[in-house]
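In what follows, structures are represented as structure tokens.
After this come two complexes, each holding chain A, first together with chain B and then together with chain C.
Up next, the complex of A and B:
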């Protein structure tokens, strides 16, 4: 059998102050900071946000290459959006590139989009890279998020590997029968492959639900109760991040 | 008087596409019986299992477990089922949580759950897998964890759907030992592995087209070469030699 494992979790066993934090506190703190970063529009705060993200990344001891790998693909998409904004924003023109003019507002938006994205993504990568998905889902359950939502996230994570394994096996089987995915003619084959996977996953979800029902799924609301223990460090971390977020929002929206 | 564990009476069932699987189907399984269900693919074995558990609802007829009517899709800890594909059954984040899942739903407190889960893990020799993620286990290990998740609930009646499929000889032997050591009142096992059926069952049913073709002691049923071959089954090698 072919096995696919999560590469996102390859550094969750590192030892760092970030790795050792209680997942619930880490999750809330990071989300506060991420939301405050999303509101930033002032250049000074952008510099501050990237500094904070970089600092958190450094103390998490996650390899910078790992972060770059995670940011690369979504970064490309965001970069394209930022380029469009750079050339098509209205305002006072700074210079011209053929028929296109680059405005002061365009440059501001370009920097804003990219820096905000990098700051937020760095925090996301630290969060996901220092905690297993399972721990995050458990923390979400502890934080009283709807059980159905947590279950859906967990099952998506759990069965994505099954689907990945199926896809890989089917792809190998196709290749062994002479299929080469090089031309545009292979698109219909990929469409059939996707359809087959979709049906398989639908049927499997039915079987999983049957198995869960037989073992009493939904009978006991206490099933998701976890041990609750946290330290002073967890509390200090959370307070610092909430204060940082409040500081950013005060500067952003305050009369300064 | 022998206690009836499972009773299927005049069952009629069709799939959503209208294809009829069972019509006037009757089956009774008594205390102490380990019933092997044999038959070609698509003869209705898994459908019969899902009807027995209450997952599927018959169009007509009654299903009773230990004398009580089986309610559709209602949790009944007296019945357990080990699914053909263990990946359908292992949905929890860790092996321990998967084994504990049923117990917690039955209302046991954490201390009792821990005790029962540890006991079953020791019995099946899978304690070392306790904190592992089920989807990272080998096929044999997954099967043992799936079995543990059912056995720990101590159901009176267990259904095993193709339990030896994809198992190597070592895990197959462990499975046979587990089934032989089981304390359940009755069991029903579907398998194409007829040597396995011969070893663990004391009653065998040949099923085809939703009808019981043969029903009796394993050696008698599985020696009936003529009828078996008419329904796409070969007699087991060990019996062939002495036929």
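Up next, the complex of A and C:
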């Protein structure tokens, strides 16, 4: 039912300058750039943003097909929203399509939403396609995310796969006993399925927690600390990404 | 019901992160007041994963299908843990499936997390009113489920319509928010029925799972 590893992390082991970056530096740099893209409202900057995203994607050596795969589904939703903004924005009409009129402001919003989405998503796919989820969580921990949140993230990440597998097994078992979900009348049955799933997993999580406590979990928070090192290349990449973000924000909010 | 990347202006995304940080700080402060905050982490993490997995439980409503949102259920079962739980689940959904996004994570987390916290209060209040009644958990669960969806849907459309880069007039905006929110009424009822059935089942089989983490 859920094949998370195979789809998201299938290109994590490629060798490229982006793949080799220290995850903490990559995370900070990429987030700066992604957020600066979110501020863009000028068409000239949109062209620049898509060029930057495409350039970083090329350096990362990730296949373009992989990016399309990741963008396809959320792209459909954003396209529908962009269509709504195209036809329902107020302003000076450029042309009419039956009862609907397309305005200059509508066209601007349409292009803005779509191109901004593609630029951000390309960078997101590069970030996630070149780094494993565990590396990202560890980097967040190194960047001083509260311990309680880090613990919850690690536990949740593990339970996602456990619950996914259990759900699949129980669903197959229900079907083999003749269950066919055809209407809303099956809601109570789905609630019972979810309840059984929660009980099963809760008992298991309780046992795991007790075992961890016996091994010293929660006694000393310093056990997380590890030796981490970074190189000059990591620093240079971070500076480049931050300068690019600063450039975008200066053009966006400056008097140019 | 996630706001995807690129849909909101940067300032709104940053404001979303600021609000989420404030709510997260408050939630963690409440959690850290407990004698052993780590004790409830497995249960909170389990429900975080359940919220993530819930997108795979498809209930057919011909011609389409819906999945339970679980926001009210998570709020009712986790209390102050609900906010971090929902934020983490949304982070995983953005990272693993590109549902929602990283720039919009702050806004999405605030919308869903606030709804979960409000559902927690609804659940506590309802459970107190129907104390010692046979169907206490079922009714409280039903109301928590409904309120979870109702608040989320209202906030979702409010943010979407107010901050989309379109220029709609105020009256049209108001009408659109009300109409789109009301169109989710059947979903609210279905979520309520789902929550009530789940709470009824858990109260019989594993009552400690619905002992809210205060």
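Assume the second predicted complex is superposed on the first by the 211 of 256 C-alpha atoms of A that agree within 3 Å, B and C clash if a C-alpha of one lies under 4 Å from a C-alpha of the other, contacts with A are read in each partner's own complex, and residues count from 1 in each chain.
Criterion: contacts are C-beta pairs under 8 Å (C-beta built on N, C-alpha and C of every residue); 3 or more make two chains touch, one makes a residue touch a chain.
None of the values given here were measured: they were computed from a predicted structure.
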item	value
Partner chain(s) touched by A:217 [first = chain B, second = chain C, both, neither]	both
First (chain B), second (chain C), both or neither touched by A:35	second
Chain B versus chain C as contact partner of A:124, first or second or both or neither	second
First (chain B), second (chain C), both or neither touched by A:134	first
Which superposed partner A:19 touches (first chain B, second chain C, both, neither)	neither
Which partner reaches more residues of chain A (counting touched residues only), chain B or chain C	C
Contacts of A:11 with chain B and chain C, given as first, second, both or neither	neither
Contacts of A:208 with chain B and chain C, given as first, second, both or neither	both
Chain B versus chain C as contact partner of A:155, first or second or both or neither	both
Chain A positions touched by chain B in one structure and by chain C in the second	1, 155, 158, 162, 208, 217-218
Residue numbers on chain A that touch chain C, as the complex places them	1-2, 4, 8, 31, 34-41, 70-71, 73-74, 77-78, 81, 84-85, 88-91, 105-106, 108-109, 112-114, 116-121, 124, 128, 133, 136, 146, 148-149, 151-153, 155-160, 162-164, 167, 181-184, 186-188, 190-195, 197-199, 201-202, 205-206, 208-209, 217-218
Residue numbers on chain A that touch chain B, as the complex places them	1, 3, 5, 134, 137-138, 154-155, 158, 161-162, 204, 207-208, 210-220, 222-223
Interfacial residue positions of chain C with respect to chain A in the complex	4-11, 13-14, 24, 28, 31-32, 36-39, 41-50, 52-54, 56-62, 68, 84-85, 88-89, 91-92, 95-99, 101-103, 164-169, 190, 193-195, 197-198, 201-202, 205-206, 209
Touching residues on chain B, where the partner in the complex is chain A	50, 53, 55, 73, 75, 77, 79-81, 83, 85, 87-89, 91, 93-94, 101-102, 104-107, 133, 135-136, 139, 149-150, 153
